[in-house]
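Each of the next two complexes has chain A plus one other chain: chain B in the first, chain C in the second.
So, the complex of A and B:
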């Protein structure tokens, strides 16, 4: 078995163990037997909704855990595609401005009180924001096929949307409830996410992961620059459009259901590339699996505390020092 | 022998200051056949790289035509074209610290499916390409640990791994010492002898004179012809705006035990 396959298998096993633990732990003393029973009954559509344990496990924890896996995979897989597209290990999927575009429209909805119409409103508005950002990026990409231009355009779009979000908050300065709701959403959370969220997110994220899978050969070809990619039969402009669409589906879907989660998309692909090399055939899927495992671990830890910390805070709080340590370790190895 | 890459009355232009265009090359005609060894020489900025890019089908000619098997090279399906034409750019660096084998395997891109699965043929071609440039021992070395000469050989292997028979090389000996430069050119020579078409741009007139049969001069006094007729003091003087005359030069050759 190749090193990539062994790693993939190990990460899948870790994710499954974490998923089992994540479903077990939390308020209420749910035994393993209850967990298995509830999931079994849920799968055949015979869940006992009156049973508190069944409701806890099947209606809350199972969809939450699956959503965490999906979002972690989306962000880290999107990170691997972004880094390959821009040929830059420091690129994060947020550089395209997708998540901030999504956040702006979602916050606008919160300001207007649209979210009172149902729990689906904010995710849908965020998805609209992500789609609008993608449309602008694609329009720019058809004018210029230069990756640096696209990168700077994404950064500029993100900065504009971020400033606009702050502006909305400042204008609604006297409405403290709004401020709290917005900050809570921006921090990212999996609290109270249901099967509906999971189904809604699985469509864009599933499409994004499939599209990413078909991009691996062409992302490899970009390794030596646009001209070499073109001479190898991969049109850089086409690769760029497809990669931006994939990242928008992944990040847009993830942001819509979980808010803005930092650092995962930067660190996970970076570590995988360090251990397994730069080939995207292994890098993209293993980054996605790794992102799922890391986010699941983070989310489970945050649920253990008395006050549930937002997972986005933890990913950045732990991710940033971990990233620094990795960079130093790499520098040390290069000097040896 | 049949012409493979056929250039007819070709002109290449770049946008000039203000409006309009500046012609780098006009009226160039040449047939690039299997076994050909063709050097492109001319002063910096004259258009050597632009010509190679046009031959590779990366940019269309401003006038005239460049055809591969009777079809304009720019109109070819990019992947089918990549299986026929290999291109070695002047400068290219991988952005991640990949191994030599991974880099050479990129040459297989035009043969791979979208999921980039490498089969036995691809692995064999990668190994063979590394062996062809005497870099078999470098396979597992990372890019950051390779010297300039080793990097150039790995890049050459990357081009060869595609099995393309038309090879376009942009200053393949740039930044190499006389020994490494000679070994790269000997490799090109072997490739031409085994039926490949080798076209290379160079600043080194001695190198062009030794390793080519025909020369394309670009710039003042441009033209195409046999090496012996083209690389003569009168033409070189005009081309590079210098005085030129025959003299003695040191000649380098490989050591008896081969490469």
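So, the complex of A and C:
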């Protein structure tokens, strides 16, 4: 068995163990028997509607764990594709401006009070924002196949959306409740997410993961340079458009349901590349698996605290120093 | 416990002449200055920009247009006030400018329950040399509160949680006092939470309270229905037995007389459930 396969298997096992723990732990007195019973009843559609143990397990924890796995895979897998697209290990999915585009439309909805219509409203608005940003990016990618132009366009688009979000907040400066809601959403969280969120996210993220899977050979070819890629049958312009679409589906879907989660798309692919090399056939799927495991671990730890700490805060707080440490370790290795 | 800071600069003239032009920067003071009577009202030249916002204020529509709504130090200073009512949440820059210029400020700090309401009304009235009006206002509050305590007294004490987007009110909050006055146990306080803290939906579901109190604007019935159907919440006793209570935010988060409306609505819902 190859090193990549062994790593993938190990990450899958860790994720499954974490998932079981995440469903078992948390507030309330829910035993393993309660967990198994609630899941069994849920699977056959016979959950007890007025039973809080069933609600904890089947309505909150199971969909949350699955959503965390999906979002973690989306962000880290999207990060690996982004880094392959720009041939730069420091690229992050956020450089395309997708998450900030999603955030802007979501914040606009919060400003207008649309979120009061139901918990599905903000994710839908964020998805619209991500889709609109994708449309602009694709229009730009059609005009120019230069990766640098695309990267800078993404940065400019993100900056515009960020400024527009700040403008919305400034215009509603006297609405303290709005500020709280926006900050909470921007911090990134899985609080109160359930089956509806999971179903909504699974379509774009599933498509994004499938598309990413079809890109791995082309990204390997692209790493050798545009001319070599073209000679191997991978048109740089076409690869670019497909990669942008994949990243947008992954990051847009993840941001829509969970808010903005930083650093996962940068750090996880970086670690995988460091340990397994830069081949995208292993890098993309193992980054996705690793992202799922890391985010699940972070979310489970934050759920154990007395105060509900958003996992987005932890991923940013730990991601930055972890990234620095990796960079220093790599530099040391090169010097040796 | 309330802390009232009175910053006076220069020689202290008589209270009446030193408080001829009053500006409020606190919704609580916007409300109470009106209710301290016509003589006090005539000295108010500015109220906070949120005075007319129905989401936060019970003073909307009370203050006529000639009374300014200054926002920021420059606008306040332009009104040439000799007393500005501030709070700990008034911007530090504004407070610093007022202090540097030598404008007297009454800073109301500590918003942790009914005792703070009484202390702040008393301090406000004293700063305006309207001690008798302040006393009457506190007595009016206590009278209404005593009547409701008596009306809603009962042997059973159902559990209630105040919930806003994950933030709950524990002990040492206005909600804790309001819940107790209406005959409820504040579940978050009982769980050891002091002040306001963010907790997970899972925690709320695990507490399984009989009543969950949420804020609303003008869509309270719809908010109750929507909240009762949320994942996890739907299984709680509150959702199952009609115990989701949406109260207009200006009452639920009031630190003034609006708190009595919270007591009244909570008590009435409990009485309806017992019938």
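Here is the rule we use: the second predicted complex is superposed on the first by the 336 of 336 C-alpha atoms of A that agree within 3 Å, B and C clash if a C-alpha of one lies under 4 Å from a C-alpha of the other, contacts with A are read in each partner's own complex, and residues count from 1 in each chain.
Methods note: contacts are C-beta pairs under 8 Å (C-beta built on N, C-alpha and C of every residue); 3 or more make two chains touch, one makes a residue touch a chain.
Only a predicted model underlies this, so the values are computations on that prediction, with no experimental measurement involved.
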{"item": "Chain C versus chain B on the shared chain A, clash or fit after superposition", "value": "fit"}
{"item": "Partner chain(s) touched by A:241 [first = chain B, second = chain C, both, neither]", "value": "neither"}
{"item": "First, second, both or neither for A:24, with chain B first and chain C second", "value": "neither"}
{"item": "Which partner, chain B or chain C, touches more chain A residues", "value": "C"}
{"item": "Contacts of A:116 with chain B and chain C, given as first, second, both or neither", "value": "second"}
{"item": "Which of chain B and chain C A:87 touches, first, second, both or neither", "value": "first"}
{"item": "Three-chain overlay, vertex chain A: chain B-chain C angle, C-alpha, nearest 10 degrees", "value": "150"}
{"item": "Which superposed partner A:41 touches (first chain B, second chain C, both, neither)", "value": "neither"}
{"item": "A:278 touches, of chain B and chain C: first, second, both or neither?", "value": "first"}
{"item": "Smallest separation of CA atoms, chain C relative to chain B, angstrom", "value": "39"}
{"item": "Contact set on chain B toward chain A in their complex", "value": "53, 56, 58, 77-83, 85-87, 89, 92-99, 102-103, 106-107, 109-110, 112-117, 144, 158, 162"}
{"item": "Complex contacts: residues of chain C adjacent to chain A", "value": "49-50, 53, 55-56, 164-167, 197-203, 205-206, 208, 215, 217, 219, 223, 226, 230-232, 234-236, 240, 249"}
{"item": "Residues on chain A engaged by chain C in the complex (per definition of touch)", "value": "26-29, 49-52, 54-56, 59-61, 63, 113, 116-119, 174-177, 180-181, 184, 191-196, 303, 306-308"}
{"item": "Chain B-facing residues of chain A, complex", "value": "87-89, 213-218, 220-221, 223-225, 227-228, 230-235, 273, 277-281, 334"}
